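Following this line, the structures themselves.
Each of the next two complexes has chain A plus one more chain, namely chain B in the first and chain C in the second.
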Partner chain A sequence: MPSFPALLPLLFLGFGAVAAMLAAPRLPRLSRVLAALALMAAAATLAARLWAPAGQSALLSDDGLARSAGMMVCLAALGSLAFLRPGGPSKEGPALILLASLGGLMLAGATHAASLFLGLELVTLALVALFVLPLTRAALEAGYKFLILGAAGAATLLMGLALAHAASGTADLQAFAGRGMMLGLATALLMAGLCFKLALVPFHMWTPDAFDGAPRAAAAFAGAASKIAVVAALVRLHTLAPPEVWAIGLGLAGGASILLGNLVALRQDGIGRMLGYSSVAHAGYVASTLASGAPMAAEAALFYIAVYAPALLAALCVTAALGPEARIADLRGLVWRRPLAGGAMALALISLAGLPVSAGFFGKYIVFTALIEGGAWTLLAMAIAGSALGAYYYLRFVALIFRRAPDPAAPFLPAADRLLLLLASAATAVLGLRPDLLLDPLRRLLP
Partner chain B sequence: MGYDMELTALILLPFFGGIAALFAGRFGRDAERWVSIAALALALVILILAFLTPGDGRWIAFERFDWAPSLGMQVILAMDGLSGALLVVSLALGIVSVIVSWKITEHSGLLNAALLWTVAASNGVFLSFDLLVFAFFWELMLVPAFLLISVWGHGDREAAALKFLVFNAVAGLGLLAAVFYLGASGEVVTFDAFEVAERDIPHGVQVLLLLGFAAAFLVKLPVPPLHAWLPDAHTQAPTAGSILLAGLLLKTGAYGLFRFPPMLFPEGFATLAPWGMVLGAFGSIYGALLACGQTDAKRLVAYTSVAHMSIVLMGICGGVYFSLMGAGVEMVAHAFSASALFLLIGALYDRTGTRDLRELGGLQQSAPRFAAAFAVFFSAALAMPGTANFLGEALVITGMFQVNWIFASITLISLVVSVVYATRLFKRVVFGKARRSGVVEDLTAREMGPIVLLAIATLLFGMLPQLLMGALEGAVTAALAPVAGP
Partner chain C sequence: MSGLLALWCAAVALACAVLAVTRPVIVHALIWLVAALLSLAACFFALGASFAGAVQVLIYAGAIVAVFVFVVMSVDTSAEARGRERERLATGWRRPAAAVILVAVPLVAGLGVGGPALVAPQGTAQGSLGALLFGPWALAIEVASGLLLAALMGARHLGRRGAGE
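The block that comes next holds the complex of A and B.
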């Protein structure tokens, strides 16, 4: 039986969403504060119960994986909250972010077809609303792509769940543990549905638009928080599914994402589009880690996505401050105009490139090591090639940040953005020096 | 022996000194420079004290503690004569580079921080025997050096900096992959080089892993055809940046080659060493010939670095006592002489606004101290007897004759060519009429300090070879036969 404290985080987010929604029309600021408080409360409850004995209900599991991933989802969602401007068009934004986080938490704990589907759809639908809310052309385009592809992904997932149910007679996700033609097909379809949210090739088409024209809060959530939740779901499933289907499907999608994401990102001059394609590549590293079948794959995948999230949030935050459709030239001399924004952006890009002192260096370490341990040599070669490409295009942007040509126009950074940049940079730098602070708990919490 | 932290301090002092320098500018004029010098000088004192305390035979000092045990990451710092000599080079050149950039006021906090971080990271490279930590510092070096070129450089500095960074970061991936493989392939995850050295790695795997290591080291060294980043990076970098690039970063490549391949992959190294010698022989001639054709003085010195480091590569791959000893001596000697030449050319550029050999000249009339300094370091560049460079190259050639007379003869030819480019440079800059450059103000006291220091080092090690050779003895013997951990 699930205990009441185990449900508390979900209750915080659910009631928080209602409260934020009620406050939104009259008191948008209060709505933001409520949402932040709800997320913090949820994260704190999860943190407090991190080491409590695991529990299990018919729909949700309350174990180390669900708690740690849920906590990271809440923190990343808090980061996305900073992207909402108080006077912006999306008054309902805070409530939507809470709903999406609620979906994320369900996804991280899902042990049943119903909860998995519910969690996934909650994230998708809340994000669709968040995407289209400004009702601009770019926002509608991004939201539309997200919706259509999301619906296709959801349909695929449902088909997979239905097949698994038909083959095994149960809707419990344990059903995937068996073998056979039907279950193999079911797993492949399920995987495809989840790959959509990770933006793996060939389900990546929504990402560049999401990162470029769309509201940044939606992009931040779709890029960081929702990916953490999906990785958690994949981690839970990857011990159940037949390994060969898993290795082939995720391996192909992961390898293709690494190559395509990096190759296309190489040619982007728009910062948002570059980050979008690079996020495809980073999802590819995570997927190949899970495909490798290494014993450490689970912790490696979660660690990687966890160190990716703060770097992405910081980079997106600076991009947002530079204005819509920011291009590489807008970064020129940023560090001299706004030391905090420039420094945080440089650190974030260095982390994405995987150079020390940044968490990304150890992210690269853990992914390469998992691929070596699993003997996935082709994927390792792809990951090395991808990192080589990444080194070039990220550093191209870093080079401009330090260019000695001060431009008088300094972007405006509200207090929430400054706080986000500080916290994200601190997380990136600290994990760049002491990766074990995150890796040790993950190792002990994961099954 | 108590819980010593002296080696850790050699890395942390410059690192935190750099952070302090970043903010010191607010507390007074030139405060960031004095902070930097103080941090480096203090580290130098600690280093000298470490030399004076008795070690345990093979190592002058040894430290080991956990960093991130769950990743198999330990801090294993060990200093023998080779690391020690290179640390002296690193700290001394750090001080020199701070003094040399005294007049640069633009973002000088970050400038001094970048100088100190470069020193800190290369100290980490010279000391680490945990391969993951080694790789960490190896990659870390790139970032501050990149900033040095990109922010305070000349001309097309951003492109040069990016080229430097991308070449080295991409090559570093080979090292990373090999190191990660070594870590993951043991029974327990460990990157302890001493433990890895005792493993029985199959020959084919050794060759592959060594290729990964070599990619990073040979690009950093650099040896043609992997040198494409170097001429631009050296030329566009500010003087302090060129000093650290030539004096320090190139040496990390040589150090890595010297230390790890013979220790970790003895059989694989034996297989690949002849190819290394071929590359070295080619590079020594190629670099020297290209140096002859340059008109930009800085570019010329950059190509001489290619030639000299190729000779170092040949010495290391030669694998006999004399060639290894020569490579070690040449590493230290070249660090002093090349950085001194960059310093002099930088000073000349500050005064005349040109580095073009066709426009310079007549230094011996207007600036005798300048001319004398040039004379000392030109003779070092062409390996005149009496300089440490002569000692190094003579030893390499002696050793190479034991290995293969063809490679030895090629090195000799490269030495002959070095006479050509050095005399050409000397003649153009020091003698003749002052062409466009006009009357040049002589070296100031602040410039003379570092020059005298570097000249003393060059001549001292040349005249009293046993000083340096005695220190290198342990490392050379270890490179001959695989090391056992203490």
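The block that comes next holds the complex of A and C.
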């Protein structure tokens, strides 16, 4: 068993989920507050022990990677919770976000097949329930797609874990640090299962529907918190030096995701769908960084997904305020109607495009540096082409935000939304000026 | 001897599984599925994994098949539906079969050449398994309960649809 301080964040999230669930039917407001407090407590305990000596138990590793990724998962989950609209018969949202974060924490620390699988499935099942919260046709479609594709991904992952166990006799993830045909096949299957959750190209079909049909907050969790957790698991596996098929597969899936995600996003007019396809592309940058084999790949991947999260949260929060069918035309003149929403959206899109004075610029910069250092020239060419395409369509949206609009109607922003937009924009802007504030700790925390 | 028995049971399980996915009548498919699951359980017993075998009988052949029976009750089993299903099976099997071959061929090839020897089967003492589940693995059990909670909330939410409208 892990030591008690190491268990504390998991306890906060687990008991918080039960408390939030019990409070939900009668006191939905209290349920939200409880969930927010539990997430803050978990993030604070993780932050307090960030530099404590690493520990190891049968299932979970309690080290810098697990703590930093766990903290980012909690913060991203807090951001998603901020704009989870309590509507209709659905009141379990906060409890489900806590359960999904618990899964994310498990995933970030997983050193064993069982904890990896449990973490992934907890994230998936809680997300499916979050997706179908509004019970609209589009939400149900997103939920069922994610459920069925997620089940296929989980089955693939389990087959990979079983083959690795058969080849090595241990269910520890250390089993993947070997060579051989059977282990190669096991690694390929494991990677396919993880790619489902990261939405890399052959397995990305659920993403656009989730970003379009599901509640925006649920999509934000799937795009930010859940991806941070999966990237942490990928980084942990990556440091074990798995068989060659790992780098080849990640490179293929990553390169294809960059090209396809950006090309399809180019033609989208719905903001949700555009962000969905762009999220496929961003996962592609992370995967190709890990595939490059550069020594700095792990910190580059984590940094990239960490700066992607606040930008995505801000963009989806504004999209949620614009209504369920937000299209590009709804952005026209947003900055004149709602300066905070318009400014935050513009900054978020600039960060997603990777332009200077935003955190996304340094994300792209460090990814390109890793690709050059690893000598992955094809992937570098793909990443540059993808970024150029990305800059084009993101700027199309940004330009519209600043155009004068005849329509004076302004979207309504609750206080929690405003706070989230402020904090996310501040994080994006500060990291855009001082990336070392995040990069240096990451560098020292990673194994 | 037990190795031969395990191979025989595995072959029976494979045959039953093939029959289960090719029968157009869902009840027949279900019965073949039960046969496949039970042969797999026998395979586990033959290899000395009696706990896995018991779990296979109790959970898979028992609980999961019971869930399938509930699904069958809500499925259209008329003659036209059967005809449609037959039509779908005429071409629909190719891609899943290709996927199976993609996995199976390197697996079988890898068993023969170069690959590490399979770990020898060994029995598991139930006592030590229990001690493991309530000792270092207690965390996994707790998280699994969280998993069930999430699934339960989702299922209850989806089930509420009929009552609410």
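A few comments on the model shown:
Just so it is clear, the second predicted complex is superposed on the first by the 439 of 447 C-alpha atoms of A that agree within 3 Å, B and C clash if a C-alpha of one lies under 4 Å from a C-alpha of the other, contacts with A are read in each partner's own complex, and residues count from 1 in each chain.
The rule we apply is simple: contacts are C-beta pairs under 8 Å (C-beta built on N, C-alpha and C of every residue); 3 or more make two chains touch, one makes a residue touch a chain.
Quantities reported herein were computed from a predicted structural model and do not represent experimental measurements.
By the touch criterion stated above, A:D440 is placed in contact with chain B alone, chain C being left untouched. Between chain B and chain C, the partner in contact with more residues of chain A is C. Contact with neither chain B nor chain C is seen for A:L334 once the two complexes are overlaid on the shared chain. In the superposition on chain A, A:V357 makes contact with chain B only, not with chain C. By the touch criterion stated above, A:M191 is placed in contact with neither chain B nor chain C.
In the overlay built on the shared chain, the residue A:E121 is in contact with chain C alone; chain B does not reach it. With both structures placed on the common chain, the touch criterion links A:A224 to neither chain B nor chain C.
In the superposition on chain A, A:A82 makes contact with neither chain B nor chain C.
On chain C, the positions that touch chain A within their shared complex are 103, 106-107, 109-111, 113-116, 118-119, 135-140, 142-144, 146-147, 149-151, 153-154, 157-158, 160-161, 164. Taken in their complex, chain A has these residues touching chain B: 336, 350, 353, 355-357, 361-362, 364-365, 368-369, 372-373, 380, 384, 387-388, 391-392, 395-396, 398-400, 402-404, 434-436, 439-440, 443. Residues 67-71, 73, 106-107, 132, 136-137, 139-140, 142-143, 146-147, 150-152, 158, 161-162, 165-166, 169-170, 173-174, 176-177, 180-181, 183-185, 189 of chain B are the ones that touch chain A when the two sit in their complex.
Those residues of chain A that touch chain C in the complex are listed here as 1-2, 7, 10, 14, 17-18, 21, 57-60, 89-90, 92, 95-96, 99-100, 102-103, 106, 114-115, 118-119, 121-122, 125-126, 128-129, 132-133, 135, 159, 163, 166-169, 180-182, 185, 189.
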